[in-house]
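Pasting the structures here.
First chain A sits with chain B, and in the next complex the same chain sits with chain C.
Showing the complex of A and B:
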């Protein structure tokens, strides 16, 4: 068991680096970081401009960026577990003295850092294709909110990552969760168009608060971004508190039953 | 001709066997159906937020066709990718049998699944966003769905033929599928795009078919949209012919150089 911080950091850094190398040749990453953000930005901003609501342009740009961040961060993080399983290395990682969540944190952080590219891509698309005025009212709060959103999404990814150890269908699961989360988080449209009874579900999702924090920092939504950032920090802690015992239980279960290869 | 029919049937059987392994009840009900409906819903909600119920209705028809067309493009390309992935492509090339009817048969389940997706979107989302479209007009549009989807499938074959010697098939076909959302007038009329981009839209399958489908749903007669459907059919045939020739050319090169295993 790793019991010291330098050891933990070394493993995290090594996983971070390993994931970065794997990502460089991964088609899905190229698609989620560079291609779909451009297409979704054009599609959403184009729809708003056609609908006579060009003032929603920046909102749609941020939303498309958040979709890219979500895809690159979580979707591919789910694929990490699936990839290790396919590569035959999942059992070894779980059996190793290094806790598996530490490896997963390193790899997820690597994806999270790379996912910032998609946000940059959507802003560049808005600027180049639509000549949108991309004025951010409070740039510092915007950057802080973006980093906290990444942290919250990575923490959420750890919760899901624990479940992905138990299934071979992580990819299919993530694929189907994408759009409900985009809808419930109101990434491309105001949440007010959704029925009232869905709002509590939205409140539990990091992308919704991340999007709100970014929108507030950009001056699109009235409010104090720092207060929403506090909520993001709280949400990250809750996710981590759920993820830790979940990993412990699942790891214990697969070690006890020797059933990891069965899933 | 008898041999063609046998090869076609064996292709259909192989394709159905693949699909029946992949589509377990869990995958159908927990992944395919929700994913299809929610993806369409997401883009319809963007249109609703941008332009109210009229633009939402426009997006409903567009996304209904796109969900099938996207699947058509990716699945037809995947037919070729799958042979490569499973290592059966060299046997197909080496075999004296004509590959064309067999590949056509293998594509059939993808085509049927595409139609099932149209039906799903219609069943679940039409009651909410399809105001003003009569059931008769909807039924009259069914033959146009079939032709448009067939034309779009030809683009999938072309994509598969182009990427045959590469490992980029999935990324390319997905990118084409998403680009069609912008270029074929799914969420907003493609006439608002810059003229140069509109030309690309004109050259793609689905653009004219979708215009015809919208017109028929608005009450136009078949005679009114005959021109559009003639263009749609021609575009599909051209793509199919180019895909056939290119695929045959690729296979000949592969036979000559013996490098099929490198694909």
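Showing the complex of A and C:
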């Protein structure tokens, strides 16, 4: 695989471009990217402000931004596999010489890059609707943390993507898990209000660490953002190590069960 | 070395019925199939719906695993050697799925060129050539969603050829096409064969296999019934004459009477628009036309012709009643 690294990078870039072109023609996705973050921000920031906790405004904006990033990245990754299955292209992608995870990485990265728009919309909503001062303590660390968060979310999406190849209900799975993930990752409420027994589960989720890294870089949470960034890198590698053998096993299973074209 | 070797290949599918009390049922799609295709050959697999044609194509193109038996393409095992095999084969499945409808025809081919790791300098030259070959050069920049069914099918062919495969699998490529589009596609397939490609074609159109293929295997209920050249298959019915009766309101009783006639080998009924066409196979059939028409008492006879047998008649003779599902 490494021997043809330029070729595989070309496939990643082609999948990135392909996904961007498809997305540009999908008005529903444009809605997800532009409208959902506005709704999340108004609900989330409004809850804190009208609850008398206006000092949590920026925290809420980052949380809402992360929800938008999750939606744009993971939700659509689920839809990617489901859409390919319904369109009859999933079997062709799996039977192509390029490993399917490389295709999925390119497409997921494309959605991750688009989700930056979602983050920008969130900040703009906070600024325009609530006139929130968006003072970021360490802008450079914030940008690095954001990029590493996207990388971790993409890797997490790859693990989920492997399971999405198995199931014909990827979209429904993402719908059901959306809010539990938001809550477990501390995107809607601070993690401190969660029961202790739930917190180990949070530690395995990329959005939780991304949110923490961004909060630390923004100066909202005490701590060193670079240390959390290191954790995000480690987490991404763990996800990738899980995803690789998982895809090999799952490809064998779908070829055995003949389920690639069933929807 | 043969381009394709299939030995004792079987494939079962397990289906589940019921919601609370679930029961599993095993369906055999391929049952101990063996065949070989030579390099440069255009080989046809002919059979009714559900005979196992698509299952065999999916196994040979590495999308499905066999339950038992062995299959090799270009000397590579379809189960174990997928990394080496996939860049060397192309597959074209019938129907409108399998394309990105929101993208242009050119974007679709370009994407698969990248997926098949075709070097950019090669794909820059090959994509216009393929678009020319399938007659889509002038519509290449349009979104696929605006293409007719025939255009989508031709785009499938171009996509399947992007890696310049040694072996091309065509699974019912003309299904659902109008006669002109189907004829154009058959011309493309014949040209590819002339260019030296090994082609594995599945179809349930007899005339298509007869016109294109050097050899044909007839498959029914997951088993190969016969493998030979189209002309050898036609020899099965060489001593027969076929009486075609175009009529209305044929009763099952009349059909039974006809089948019981001592000189009748087989009768196939074909519903075309509002008329029924009976194809009666009988040695020296022309002499017995008056008797046949008498047995069809009650039916409104529109037209009677006698003709020499075709591959379709051999197919009807081989498959008997199962041929009706074609």
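Everything below uses one rule, namely that the second predicted complex is superposed on the first by the 252 of 263 C-alpha atoms of A that agree within 3 Å, B and C clash if a C-alpha of one lies under 4 Å from a C-alpha of the other, contacts with A are read in each partner's own complex, and residues count from 1 in each chain.
Just so we're on the same page, a contact is a pair of C-beta atoms (placed from the backbone, for glycine too) under 8 Å apart; a residue touches a chain by one contact, two chains touch by 3 or more.
Quantities reported herein were computed from a predicted structural model and do not represent experimental measurements.
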item	value
Which of chain B and chain C A:189 touches, first, second, both or neither	first
Which superposed partner A:50 touches (first chain B, second chain C, both, neither)	first
Partner chain(s) touched by A:173 [first = chain B, second = chain C, both, neither]	first
First (chain B), second (chain C), both or neither touched by A:10	second
Partner chain in contact with A:103 - chain B first, chain C second, else both or neither	second
Chain B versus chain C as contact partner of A:258, first or second or both or neither	second
Footprint overlap on chain A, comparing chain B with chain C	none
Contact footprint of chain A on chain B as seen in their complex	26-27, 30-31, 34-35, 38-39, 41-43, 45-52, 55, 59, 167-168, 170-171, 174-175, 178-179, 181-182, 186-189, 192-193
Of chain C, residues touching chain A in the complex	13, 58, 61-65, 83, 86-87, 91, 93, 95, 97-103, 107, 110-112, 114-117, 120, 143, 163
In the complex with chain C, residue positions of chain A that touch it	4, 7, 10-11, 14-15, 18, 21-22, 25-26, 87-89, 91-98, 103, 252, 255-256, 258, 260-261
Contacting residues of chain A [partner chain B, same complex]	27-28, 30-31, 35-36, 39, 42-44, 46-53, 56, 60, 169, 172-173, 175-176, 178-180, 182-183, 188-190, 193
